[in-house]
Structure formats: C-alpha cells, structure tokens
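Across the two complexes that follow, chain A remains constant while its partner is chain B and subsequently chain C.
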Partner chain A sequence: MKPRNWLLLCYALLVAGLPLAGLGYALLGSVGLAGPLATGFTGRHWQALGADAGLLKSALFSFWIASVSLTLAVALALALVLGAQGTLRRRPFPTLLYVPLLMPSLVMGFYLFQLLSRAGWLSRLSFGLGLTHSVEGFPELVQDAAGVGIIGAHVLLLFPFLTLLFQAIYQESRLADYRQLAQTLGATPGQFRWRVAVPVLLRRAAPTLLLSGIATLGAYDIPLLLGRPYPQMLSVYIATRLQRFDLRELPAAYLAGFLVAVGLLGLILVLTRLTRRHAL
Partner chain B sequence: MSDLLRVNGLTKQFDGQPVLRDIAFGLAEGEVLAVLGRSGCGKTTLLKILAGLETPDAGTVLLQGENLLPVPPNERQMVYLYQEPLLFPHLSVFENVAFGLRIRKVPRAVADAQVRTLLAELDLAEHAQKAPHQLSGGQRQRVSFGRALIIRPRLLLLDEPFGNLDAQTRADMQQLFLRVSRQHQITSLFVTHDSREALTVGTRFGYLDRGVLSTFASVREFIQDPRTNIQAELSFWENIQQTAVLTP
Partner chain C sequence: MRSKLLTTLLALLFALPFVLLALLAVAPAWRFPAALPAAYSLGALRDLVAADNELLAGLGRSVLLASVVAVVATIAGFALARAITRAVRPGRWEALSYLPYALPPVLLAVLIQPFIIRLHLSGSVGGVLLGLLLIAVPFATLLLRSFWTQQAREYEQLARTLGCTARQALWQVLLPLAWPLLRTALFQTFLLAWFDFGLTNLLSVGKVRTLTVQVFTYVGEANAQLAAVASLLLLLPPTLLLWANKNALLRKTE
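Then we have the complex of A and B:
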C-alpha cells in the first residue's frame, strides 16, 4: 500500500473508526453480547428503558442547560460586540477576554462553588452585612434544581470565546462600513443592529455556535461539581452508571451511552444541514 | 437657479494634517458635480462629512437653506455609495433594494410594488430572489444603486462607485447612471479619479487636490486646466492616431 493510502487509513480509523467502534461496543453491550458479564443476546435492557424515566429527564435537563447557557452567552457576547465596539478595540480589554478561556472548566466550576454555595464567600459576605439572617438564608445557586450554577459556569466560559468570535466576524465582514451605509439609508443604530449586524453575526457564527451547544450538552466536570444527584446532565448520568460496583448495571449504562451518542449525532446532522442552508 | 446644497469654508484635519481646506461650492437640484482627484486628496472625507459620517472642524453645510451639520446621518436622506456595492449578504436582491422602505415601515404592498418597478428599470427583475454572491460585479453595483434610489435621496454621494468594474461594465454603468439620474432628477456629487468618467457623468466639474476644491464654470475650463491632465491625454491619443496614419 502507498504511504498516502496508509495515512488516509490511519486518518479514517482515528476520526471515524474509533468512535464507531465505541458505539458498536456500546450497542453490543446493551444487548448482552459484550462486556465483562456478557450473558448472550437479550432485549431485557431495552425493554426496561420504558420503565426508567432517568435517561429522558437527564436529556431534558441537559437540553435546558445547553440552550439557556448558549442563549445567555450569545446575548452577552452580542451586547458587548454591538454595544461596546470602541471599548473592545481598546487595550487591554481584548486581551482580558482570554483570561477566562485559559481556565480549565473544573477550575471555573470549583471557583463558582466557592463563590456561590451556601457556605461560600457571597453567602458569608451577605450574612456579615446582615442581608441574610443565616448562612442557609442565602439562595441556592449551586447544586440547585434549575442548574443555575452550571449555567453560570458555562456562560462564564462561553461568552468570552463568543465575544472574540463575533468581534473577528464583525471586522472581517466590514460591519463598521455596513453601519455607516445603513445609517445613510435611514437606519437608526437599533435598526442596523437588529436588521443587519445580528443576522450577519449569527449566520456566520452558526457552525461554531452549534458545536459550542453540543459541547455544553455533553459537559461533564462542571455538572459533576455544581449539579445535583438528580436530575443529572447526560455525561454525569452515564458515567455514574458505568462506575457502579454492580457489573450487572453495565448494559443499561452502555444502552444510555449508545442512545445519547446516536441522538447527538442525529441532532448535529439536522442542525448542520439547517445552518448550511442559511449560511452566508 | 438657487442652490439645493451650499457648502462654505469646510475644513477638516486628522492628527494636525489638513485634509480639507476651506471647501466651498454650491449644487443646484438635478446637477451632477463630478469631482476629479487622486487618491488621498480628501474626496472620501468630503463625502463623509456631507453624509454626516464625519464632523468638520469648521464650515457650514446647508441643504435647501437648512443647516445640515446637527442632523444625524439617518435623517439626512443623503445616501453614501462606496466603491464596493456592500450589499447586505443575508438579504436577497429584492430585500436589499427594499431595505430603505422596510426600515421606514412603508406598507409591504406599496414597498413591494416600488421595488418591483425599480428592479425592472434597472434590468434586475429576473435576479430579484438571488443572493448577492450569485451576481456579477455590475449587477451588484446596480442593486446598490437601486437600494439608494428607492428612498428618493435628496443628494446622492458616490465615492468612485464603478472603480472596481471592468472597462465595459464600467461604461455600461456610467450610461445607466446618466439615464436614471436624468429620469429621476437626482442631484449627485460623483467623485472619481477617472477624467473620462467625470466628463461622462458630470453636468458640473470640480478638481480636488490636497484638500483644496476648484470648481469650473464650464467643461472647457475643466478640460483646459492642466491639473486634470485631460489635455495631455488628448495629445497622447492624437499622437497615437497620427503615428498610425503615417505608418504604412
């Protein structure tokens, strides 16, 4: 075989072979054909899925977290790029945006836990200032039912990245020239933002936004630290099941992993087609 | 004829460097003032000040006797056309042309009818639903022109609008500009570095050099001014022609 073909084969194995092999293993494991306690083919775990609402609730919770985090991060980044263009061009503001990006997500999660938990700095500060009667009187902002802490951490990690992305698109697409042109055509600054700048920025950034949403959907360390045992985000739900001592639970975990992977692949396919159709 | 636009003593500096020096001229309704000038002579700054996109250091700009300087650019009804068409990439040809009417909240049926008429006039009817990237350079410039015309601008400010087009398309666009501006009685300030283009589109002529604008009372004066280089160009072509005739 020619060296070029070897290279192609290695590339195909790396980008498609390994993930598909993992997916195949999970599928075989879910029907009892692979794994440490493979008992032979059985549809038992698939049938049991109907009685267990845990996976569905995890999926819904993950979609909630991903969509709210992405929406807030996009809104914040757009507000900065369209409302503070002068500031964003002035040093050191563009450089400062890189600071949160340098933080590992686990560190960000830990920092928010220290800041927002009932035993955290803000709670102690508000108690010290007499704003709350006890440390428990501080609102539940981490490990809460709505996932406020998880959303906060994701927004803090996402918005600087999206701000830098939107800023690059703003300059590359010559939106400053479009702003002047739109003004002479009669557009107010607000009309320029909503009718020109926002559609151009969102359409150009759509593939990256899609990937950011998928990454948030599958996040593990932040929800592990800032989330509740129930409902859990998908990655935490699957990992918890895989790590249980009872090996008989493994096929159910394989099944969950398989379904989530297939679901995400389907979602990426549909959304990629949609973003391509409206791409600029 | 009374002036639609009257500019007096317009001055502008950037970092202490004078870009415009005591600019003064008047423009009557329906006139096309073709301003010839080399790169960096202050043409773009002059147009941007008139459009309200730059503020002058001194001077007055009156439109129909009204002081224009405090008026924001979106209320001046003076469209500034760049060298590049700058069509909105997320909108179709139809919606690009309709932009000025949509933001003015003109009823949809009325706006659509106006856009259809103008697209037909500009030979763009069959391209109405296309995206800007599907058009040729000349077609894009026509859409840009239509987008400006639809709001019936009081003054059209053109900054070398056909500078990026090939010779043939450029000549076609000049003819289109002439036809449409006569038909709609558009008053324009047309900046170019091409003397032939200035002579084709202009009804009055000016020359901008290092921030100083000279206006000419007649085409003859414009042609005879050595700074415009038109005499030298005419001599060049005459020499070429004589050489061609004498060469067996």
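Then we have the complex of A and C:
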C-alpha cells in the first residue's frame, strides 16, 4: 500500500471510525449488549424512553434556545450590515467586532452570571438606584425557565461573527452596486433591503448559519453555567446522565447519546439538502 | 452622530466583560449590594508567580496542550490535504472530514469515551489530546485543502523538474507558499484546543486541569476572584493573536 493510502486510512479511522464505532457502542449499550453492566439483550431502556419525558424536553428546550438565539443574532447582524453600512467600514468597527470572538463560551457564561444574576452587577446597580429593594426584587435572568441568560450569551457570541460574515458577503456580492441599480430603477431603500439584500445574504450564509445553529443546539459550557437543572440542554443532559455514580444509568445515557447523534446527523442531512436546493 | 452612538454602544458592550472580570480579579470580597468592591487587592494576581500556584500550572498545561494540538493538527492537515487532493474521490474524503463537526464536542466525547477507557487513556493528557485532535485534524485538513490547487502542484512539479529533491521542493517551495494558510491553521487549531472545556472535562474526568476546567471548578466553588483571574488568563493568548494578526485569527470568507 502507498504511504498516501496509509495516511488516508489512518485519517478515516480517526475521523469516521472512532465516532461511528462509538455510535455503534452506544446503540449496543442501549440494548444491554455493551458497557460495564451488560446483561444481554434487553429492550427495556428503549421502552422506558416513552415514560421518561426528560430527553424530549431537553430536545425541545435546545431547539428553543438555538432558534431564538440564531434568529436574534441574525436580525442584529442584518440590521447592522444593512442599516449602518458606512459605520461598519470605518475604524474601529472592523476590529471591534473581532473582540467577542476572543471570548471562550465558558468565560462568556461566567461573565453573564456575574452580570445578570440576582446578586450580579446589574442587580447591584438597580439596588443602588433604588429600582429594586432586595435580591429577590431583580428579575431572574440566569438559570431561568425560558433560558434568557443562555440565549443572551449565544447572541453576544454569535452576532459579531455573523455581522463580519454578512459584511464580507455584502462586499463580495457587490450589493452596494445593486442598491444603486435598484434605486435607479425606482426601488425604495426598504424594497432593496427586503427583496434583494436579505435574500442574497441569507442564502449565501446558509451553510454557516446551519453550522451555527447546530453548534448552539449542542452547546454545553454556557447552559452548564447559566441553565437550570431541569430542563437541561441536550449536551448537558447526556453528560450529566453519563457522569452519575449509578452505573445502571449508563444504558439510558448511551441511548440518549445515540438518539441525539443520529437525530443531529439526520437534521444536518436534511438542512444541507434544503440549503443546497435554495443556494444561489 | 448616529454612527458615533452605535460605535460607543458596541464598544461599551464589548468592553464591559473585560472591566467586570478585571474588577472581580482584584476584589477579594465583593458582596451584594455594593456596586463597586469595598477593597482592592492584587493578591490573587501576585500569587500567580508563586512556584506551586495551581492557576499557573493550569496555564502551562493549557499552553502545552493547545500548542501540541496546533502543531500536530497543522502538520497532519497539510499532509492529509495533499493526499486528499490526489485521492480518487477527493469529494468523499472532504465530506468525511465534516463528520466530527456534525456532532457537538461533548457528544463526540461521550461516544469515544468507552474506547478512551479501553486504551487506558481516560483521565490522561493523551486521552484529551486524542479527543482534541479528532476535531482539530479535520479542521486543519479542510482549511489547508484550499492550498493544494493545480497551481501549487505545478510549482512542485516545476521545482522537481529544475532539480530539487522532494524534500527541497517541500521546504523551499511549498512551505513558504503555504505559510499564510499554515499560520492561520496553527492559530485556529490552537484556539480550538484553548477554548475547549466540555470535551476536555469529560475525557479527562476532571483530572487534566486546564484553564477552562479551572474556571469551571472555581465557579463551582463560588470563588469568583480566582475564576475571574483564570478567565483573564484565558483571554490573553487570543488577545495577543488579535493584536498580532486579526486575519490569521479569522479566515476570510471565500
């Protein structure tokens, strides 16, 4: 075998062999055929899934967080690119937008906890200004039921990145020229934005938006710090079940891992086909 | 006027994390409802230089781990990108490279953990390294694929025709040509490993105490001061990278 083929074989084993073998192991673990307490084939963990709403709630909560975060971040980025084009081109804006990219998500989570929690900095300021009179008087913005803190953290991390991306597409697609052309032909600025610019930007950014959505769906660090114990986001839910001391919980954790992995792969496949079909 | 307002607003929004973290790092006891610390102390920062300081050890561990990941992933990515270009079906290999990104890092760690345990790598730097390389190598490969164009191959062939050995063609022609992209791959894979928490924490069972793991531990212990110091240390290399070269930090959109 040529050295090149050896190299590719090792690569295939690393990037596909290992995760797919893990997926197979998780499937076998979920039916009692693998794992430290494997007792032979059993379907009871799959049956128990019907009675346990934890995984479904985690999935729904994750979809909620991912869709709201992505929508808000896209809206903010589009507003900046389409509404403040001149400002975006001037210093210090291009460099300024890189700053949030320096922040690991764990640090963003810690920062927002210190800022938004009931004993956090905003709460202290509102207490100092006489707007609230106790810790309880400040609204619950982290570890809350709607995931406001988690959404805020993801929006803060995502929107500068998406602004840079949209701005690059705006320039590469020569949308400034199209704007002049559209105006010459009688289109209003609003018509140019909604009928020309937004479709071009969204279609060309679709693969990156898809990956950003999947990354938010599988987020771990931020919901671990800013989320509630119930419902948890998917990655936190699976990792928590896997790290419990009771080894009898392992098959259920493997089952959750298997289902989420297969679900995400399926989702990516469907969305990739959709974005390709509608790509420019 | 509107432009200045927007710039100021965003500058404040992006500067606030640094200000709040810096305040927390120098505030030994900052209790509700004080809006500013009652006393300031550089004790936590001074302790950093103590020989047995856990944070400093964590910083060293993170730098070492991220550097090894960056160097190995970039070298492997360069060779793999070349092999893929010359493969029978390069498109399939490229699609395969996206597989580790289809799954969140923590889920990937959950899936490979049984094998890490069987290889006796659980709780070790080796296990974490393998997990991080699983993400960093395909990333570098995909990034460096854009170097191996027809033109690069023609340069290589020309160098060989003019009498270069394969090694000379690599060192004197290909690597200088690829350097801007290699530098970006080095920076980005370094950051990928530097920022990681979930995969490292899960595969190391909390034993490989990198800076991100330490931030989480300090948050769990409600030690906001040390968590802030560790967070600021985490921000240091990316800030230096941004200062040195922002184009290397973020690949330009193709």
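Here, the second predicted complex is superposed on the first by the 280 of 280 C-alpha atoms of A that agree within 3 Å, B and C clash if a C-alpha of one lies under 4 Å from a C-alpha of the other, contacts with A are read in each partner's own complex, and residues count from 1 in each chain.
To be clear about the criterion, contacts are C-beta pairs under 8 Å (C-beta built on N, C-alpha and C of every residue); 3 or more make two chains touch, one makes a residue touch a chain.
These numbers come from a predicted model, not from an experiment.
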After aligning the two structures on chain A, examine chain B and chain C and state clash or fit.
fit
Which partner does A:Leu27 reach: the first (chain B), the second (chain C), both, or neither?
neither
In the superposition, chain B vs chain C on chain A residues touched
C
Just checking: does A:Gln191 make contact with chain B only, chain C only, both, or neither of them? Give me first, second, both or neither.
first
If we overlay the two complexes on their shared chain A, which of chain B and chain C does A:Val200 touch? Say first, second, both or neither.
first
Just checking: does A:Leu70 make contact with chain B only, chain C only, both, or neither of them? Give me first, second, both or neither.
neither
Which partner does A:Tyr178 contact after superposing on A: first (chain B), second (chain C), both, neither?
first
Using only CA atoms and the superposition described at the top, report the least gap between chain B and chain C in Å.
17
Which residues of chain A touch chain C in their complex?
4, 7-8, 11-12, 14-16, 18-19, 21-23, 25-26, 29, 34-35, 84, 86-87, 90, 92-93, 95-108, 110-111, 113-115, 119, 121, 123-125, 127-128, 135, 156, 160, 164-165, 168-169, 172, 211, 214-215, 217-221, 224-225, 234-235, 238-239, 242-243, 253, 257, 260-261, 264-265, 268
Looking at the complex, which residues from chain B come into contact with chain A?
48, 51-53, 72-80, 82, 86, 88-90, 99-100, 102-104, 147-148, 151, 157
Can you list the residues on chain A that touch chain B in the complex?
173-174, 177-178, 180-188, 191, 195-196, 199-200, 203, 280
Of all residues in chain C, which touch chain A in the complex?
2-3, 6-7, 10-11, 13-14, 16-17, 20-21, 24, 32-35, 76, 79-80, 83-84, 86-87, 93, 96-97, 99-108, 110-115, 133-134, 137-138, 141, 194-195, 197-198, 202, 212, 215-216, 219, 224, 227-228, 231, 234-235, 238-239, 242, 246, 249-250, 252-253
